[in-house]
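My questions will all concern the structure given below.
Just so it is clear, A, B, C, D and E label the chains in written order, and each chain counts residues from 1 on its own.
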Amino acid sequence: MPSELKIVNGRVYDPANDIDGTVKDLCVKDGKIVDSVSKSASRINAHGMVVMPGAIDIHCHIAGPKVNLGRKLMPEDHRLDVHPKTAVTRSGTGGIIPSTFATGYRYATMGYTTAMEAAVPPITARHVLEELDDTPVVDKGFYVLLGNNAFLYKLLKEGRKKEFKEAIAWWVNSVHAYTVKLVNTGSDELWKGRKNANITDVNERIDHYDITPSFVTESFIEAAHELGLPHPPHIHCNNLGHSGNISTTLDTMKAAQGRRAHMAHIQFHSFGGEMNKNPVSGAREIIDYINDHENITTDVGQVMFGKAMAMTADAPLAWMLRNVKIDKWVNADTECESGCGVLPFSYQESIYTHTLQWAMGLELFLMSKDPWRVLLSTDHPNGGSFMNYPKLIRLLMDSAYRREALQHINQKAVAKTVLPELEREYTLNEIAIITRAGPARALGLKNKGHLGVGADADITIYTEDEDREQMFNAPRYVIKDGTIVIKDHEFATDHKGKLLHSKPGYNEDIATEIEPFFEDYYSVKFSNYAISEDYLHEHEEVPTNPKS
Amino acid sequence: MKVMRIKKTEITDTFAEAFGMWGARVVITADTKQWARAAAASMTGFATSVIRCKLEAAVECEVPPEATPDRRPGVSVLLFTMSSKTIAGQLIDRIGQCVMTCPTTAAYNGLESEKTVSVGGKLRFFGDGYQISKLIDGRRMWRIPIMEGEFLVEESFGIRPAVGGGNLILLGTSQRIALRAATAATNAMREVAGVFLPFPQGVVGSGSKVGSRYKSMIASTNDRYCPTLRSIAGQKTLPANVAAGYEIVVDGLNEYVVKEAMRRGIHAAADKGTLIVTAGNYGGELGKYKFYLHDILN
Amino acid sequence: MPEAAKPKESKNIRIVKDATCTFCGCVCDDMELTVDLDAHRITKAKRACVLGRAWFYEHTLEDRPVVLIDGKEATLDEGLDEAARILVDAKFPITYGLSDCPCEAQRVAVDIMDTINGNIDTTTSVCHGPSGMAFQGVGESTATLGEIKNRADLVIYWGGNPAESHPRHFTRYAVTPKGMFIPNGKKDRTVVLVDVRKTPSTPVADIFMRVKPGKDFELLWALRALVKGKKISENIEEQTGVSREVLDDLVERMKNCQYGVLFMGMGLTMTRGRHFNSGAIYSLASDLNEFTHFVAKPVRGHGNVTGADNVVSWQTGYPFGVNFNRGYPRFNPGEFTTSDVLARGEADAAMIVASDPASNFPKKAIEHLEKIPVISMDVKETHTTRLSRVRFAVATYGINTGGTVYRMDDVPISLRPAFDSPFPTDQEVLEGIRQRVKKMLSGSKARVAA
Amino acid sequence: MSATLLHLHTQPQVPLEAETLSPATIAGLSELGIEHLQVMHGNVKAKVGDFFKVTGKGTPDIHIEGDLAKVKMIGACMSEGRVIIEGNVGMHVGIGMSGGEILVKGDATDWVGPEMSGGRITVLGDAGHMVGSAFRGQSTGITGGEIFIHGSAKNEIGNSMRRGLIAIGGDAGDFTAVSMRAGTIIVMGKMGVRTGAGMVRGTVVCFEESQILPSFEYSCRYQPLFLRLYLIRLQEHGFEEKINDKHINGNYERYSGDAVELNRGEILLFSG
Amino acid sequence: MILVPGRSQKQGTSLNKGKLKDEYLEVTTTAELNEQDMRRLKLSNGDKIRLKSDIGQTVVTCISKKEEDLPSGMIFIPYGPSSSQLMGSDTAASGMPMSKHMQVEVTKVKS
């Protein structure tokens, strides 16, 4: 494979460098964007095509034990969507939870070159690393679940914030995570210890620990800030899916006290109305707050009609959904660290709540004032497969298409939203922001999401098409690390992406604090828990920016 | 005016005026012929004329066990209404009240048609949630748990456009002779598949005309044929030697079966000494069908 | 009971702390091994159970040729060439075993089968494969073993004999250990055992329920009905051997415990009912979550059978019995599972990794295995290696090699090898075959989807 | 139109996947066209002609001769026409069929008619496991159609079936009607154990005595009228020797269940 | 009688020595019967018995177990080549041959 490449005559969308549809050439050498290349460089004539950085999924569930449980759970779904091998790529199965190979290839076929697995219990991180290594093409990282960690709770209960911060850093380093993830903070203890109960308020005391979810969240945000993690705590708020959860969501955002925080799949946390009654849209209140607070980034977690799968560390939520329709249900408790629920789901146009959620997601997008901070996701597979992204992009770019879609859905729900009044259409530049430049900035990935000199040569080239779904569904070329992986819509070669992780600095003495806890309450030895760096395959450390 | 006679019976050159209706056929089966008949009798009660009964219905024929869906003795009942909208309600009411309540019975659709109405599909709610549906060779049956076991009723019944109001008026020299002739005529007419005679034993003793001097009445006595009114009403149409008349109303699934029944009826009536066979009409203004008696006989 | 060989006077001793025992699915990672590096053997395995000690002490370096082809000694390269040739020539090649090797090797094995459009299956299919199928039907409420140690106050074992098959299951994870909310260990727990016979596990139980052989499903189904407050037939004792009073008592205990667990053994999966027996356990545990917190777990056998499930699942979407004949994975137990494809005489070549189907498969399957070219990899001689066309003697995972294994509760653990082996690892042999197979099928010869 | 005749001239060495042997595929093709249709012989692409001699143009009426025990998926996805198999047949016969008719004159093995929604499969010999059953993980089995096995069949007949009629002239294995959603299964011989486990709705009829799960409850002995309709239909389709007047007119013991589910299913055992 | 093959500790430890070694072979050819059944069949510890199923047969050594430990009508044997000889290959579309609860006929082998 030649290491030099020149892409000429393409219309380039590179919002991070203020390039909005300018026709210009791009030079690639040794996997990076460079100023110029030699004459012998191979060329792609991108005349009439749209060139963007490779897209980045800031929040998805693609690897690890819960994903694999979801995979194992659905042979009937795989059967209907096989992923045949080609001369250069491995085979697999698709459906709502594709096999690892199919996941990587399918992301690539949509122009995605980076994807972040959003919830990993640390004890299972080896599993995640192995699966990610088998997820081709894309670069990837993961967020480690620490928001219900028994040892960290113990430190907080004892008021030892310094050790708390050190321990977080130890954990991130030990498992090679990208940042920390908080899910329904405080709920695990109630779920496992109080016969499947759940936290209902951010100011409720968590059993045995005498701390509140709000305090835990605030402490994490503070610690992450001091450690200078490239991406702030990635937060799945309490009360997901419950009517009236906007107050919880607003309280959680306020707990950030102006520090950076990422609110995951915000659509699921934007329900107005009263608890245990039919929800209404609370999108306006939520997006107003986000618009006004630059410290907050979010991904929407759009729901798309059709097949989905609830896959979450929020076990009480999965239990709630299980009781709506009794079907296959998976619950998996992870000692001292996490809960987990997995079950098949489907969003239907005729159902009030499903339609409301669909509309709320679009409201959030369309009322967002800063595309850099309100990013595209479906919380794959929770709101629907990542394979829906092109369709979602069309919904954002094409108001006529949106109006048409509005005709066929539950009108009572539509009436509870302002969606029919929203005429906004996203531009290609804005799409490039919510799928590329924005996620890169939120993640602190300096070399991604843009096409400036020095950036990773992750590039997507689309044939212009009025039908934006078509266009984003099948890029003509996908270039990863300077290698043309997809050429004329076909795989030209296989490619392994790398792991992105951060290594916050910390005082190693904290290990002596953690070890006794392990001896008492874990089922694996402390010395066998941390993952040595030689376990990693291709990987890249993304620098931190410590504050102290 | 042509004069036509069969034996000594004069056939008036006139026509019976008939209407478009909607018909359905219900096959009732039961453990015994008696129970099937009982259900049919009940179901076809008060079903003489759409004028006040909302529908016309009668037993079409009895069905031998080997020809019923469940190989039990059966009775075929035809039910006609004026519109396709009202027939479902009548079927639901009558099967629900008269067949389901009758021991050992079941009710099957006897009419294949593209257009169907939901009957078992509504009656099933009597099962209060315990009903069970079964699909057998493309036909859906409902099993409704009842005190004696289960009542079985087909979900959908075919309906099709039909003919109602074919008729004969038989005039005789005495009431006894006229009735004997009418009885003979009805027996002959019932042999035709697809027709039924909605009045008691098929014979109408009080034929009617449309309209009345009273506003509340939509029909009133057919004074032209009332022997007692020969002098009072000054009717000239009734020959002097006519002492009594009967009307036979015939409904059928199509005009051919109605015609055929009328043809057989005329011959049978003629055999029994009827003086005149004529038919009722409204001048051809109201009905969709005209059955000319002379045509029928030719 | 195996005894460690008396340590010879050797100065070349190495202590390996927190080593992992891969003999059974417990995958205890707290072994302290004393290794005589001169003698190439482990002389002491602190904290190991009787099975673990046998595992560590008996896996020494045997004087065996690395490769035998048709019984004749050959070089590794010759063996790999011949193995690759057999696989590429076959129309229905199968791979089986894989539960006693690390995930790194398993991943290569799946790749080989993907490359040649073969059929891959693991020992799961004759172990807890039925539980996997049940999982696909109803899901599962489950937990890592540490959670059970920390919280479970009602522990039920059904159709298993851990005292003999998984000796430390009781002591390290589920019965005696103290945990976060179980400060007094066994005293804070009620242990129930359900089996058709008394076993060495029985004494640990507070309640022993003897079920009539082959009536587990009926008993579980009755329990489900009772948990849901439904009626069951009067003759339940006659049917199952367990009285109504005992059942009612158990139901009360299950509904009122704080955190309950149902462990199931192969007494359920290998008997009449198979996947439905496992499904009944899963469903019962799920049902109980209406009242309290309840989980269920199969007690898995081999050291890395759980890893095999995971690897095959993430690579193909299905946990075992996967067929690539058409260039993409397909799954159908009974159609693509090894015992079946052998017994029906379908497979025309077999690669057996770390498993011995020739001794534990049904007679008819073994007879077919004797007729086709077999490639085998094992640390010891077995009935299967004996009938193999190409046999590789390999190093022992966890003793001579590192790698990743998954404990029965899906917790991944890295291995700490004790001493080097001159034998290649499973992974190395498989890599060699993979390279050759890929080379033979490169370019226009590549097998693509059909 | 005369039938298309396929004669097996070469026995496959490994399973042959021949979903192309279906009216859905061959109708309208020439002899040569049919012989060139692709089949999978293990992992190798092969042609119909490698194994079958074809006589006649492709019609919706296909006769196949030979021992097809290793040939899978015959009659796949057919919606009309007829396939007659003069011998045994392999797995997945009639997979996904929505109409038409398959007649197997010998035995069938496992998975007769998976994902069927209409049409009829008749097997004059025995069948294996999973007759009219869901694949693993599926919550719905067949959604219509009729499967008539004149001999015996093994486990999991009608697993999760949603609609349709399955009749077994001989014995049935274990877990007949397991997780059944609705539909009707009639077994004229003996049934194995655990019939109707987890059934939601639907009917299982058996002419012999059977063990009943503890979660089923006896409700009555009666003459189910609807059953007459099924039995009469089956008599008309070749079961006249197995179904006598006593079965049509007789009493059945009704057990309702499964109590662990909706409790709307029934097992009807003939009792004279 | 019903044969229940299963794991035993000895089977597990001897397995590690090698499946072709005497110890493993001895362990996996020793069947347990309850005292009552032993008396009924006129067997004493160490006698050879033939187990016969629909599939095949094998000869093993028998030893007795107390009534309360092993119910009458059952035979326990550690998994191994002997139990395989008796095992049918029908997996009932599950992949799992019926490895426990096999119907077997027991006869004493005259030595």
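FYI, contacts are C-beta pairs under 8 Å (C-beta built on N, C-alpha and C of every residue); 3 or more make two chains touch, one makes a residue touch a chain.
Keep in mind that what you see is a predicted model, and the values were worked out from it rather than measured.
**Student:** Check every other chain and keep only those touching both chain B and chain C; list them.
**Tutor:** For chain B paired with chain C, the chains in contact with each are D, in label order.
**Student:** Could you name the chain whose CA centroid falls nearest to the centroid of all protein CA atoms?
**Tutor:** Chain nearest the centroid of all protein C-alpha atoms: D.
**Student:** Roughly how far is chain C from chain D, centre to centre by C-alpha average, rounded to an integer in Å?
**Tutor:** Inter-chain centre distance comes to 35 Å.
**Student:** What's the distance between the Cα centroids of chain B and chain D, rounded to whole Å?
**Tutor:** The answer is 46 Å.
**Student:** Could you work out how far the Cα centre of chain C sits from that of chain E, in whole Å?
**Tutor:** Measuring from centre to centre gives 22 Å for this pair.
**Student:** Suppose each chain is reduced to the average of its Cα coordinates; what separation in Å results between chain D and chain E?
**Tutor:** 38
**Student:** I need the residues of chain B touching at least two other chains; which ones are they?
**Tutor:** none
**Student:** Scan chain D for residues touching two or more other chains and write them down.
**Tutor:** Those would be 110-111, 129-130, 135-137, 174.
**Student:** Quick check: what residues of chain A touch more than one other chain, meaning two or more?
**Tutor:** 73-76, 79, 327
**Student:** By the document's touch rule, what are all the touching chain pairs in this structure?
**Tutor:** Taking the chains two at a time, the touching pairs are A-C, A-D, B-D, C-D, C-E, D-E.
**Student:** Can you check the complex and tell me which residues of chain B touch chain D?
**Tutor:** 69-72, 106, 130, 132-137, 141, 143, 149-150, 152
**Student:** Over in the complex, which chain E residues touch chain D? Could you list them?
**Tutor:** It is residues 90, 92-93 of chain E that touch chain D.
**Student:** For the complex, give me every residue of chain E touching chain C.
**Tutor:** Residue positions touching the partner: 2, 4, 6-9, 12-20, 55-56, 68-71, 73-74, 76, 79-81, 83-89, 91-101.
**Student:** Given the complex with chain D, which residues does chain C contribute to the contact?
**Tutor:** Residues in contact with chain D: 90-93, 116-118, 133, 136-137, 217-218, 221-222, 224-225, 228, 230-233, 235-236, 239-240, 272-273, 276, 283, 287, 324-326, 331-335, 346-348, 447, 450.
**Student:** Which positions of chain A touch chain D when the two form their complex?
**Tutor:** Answer in residue numbers: 73-77, 79, 327.
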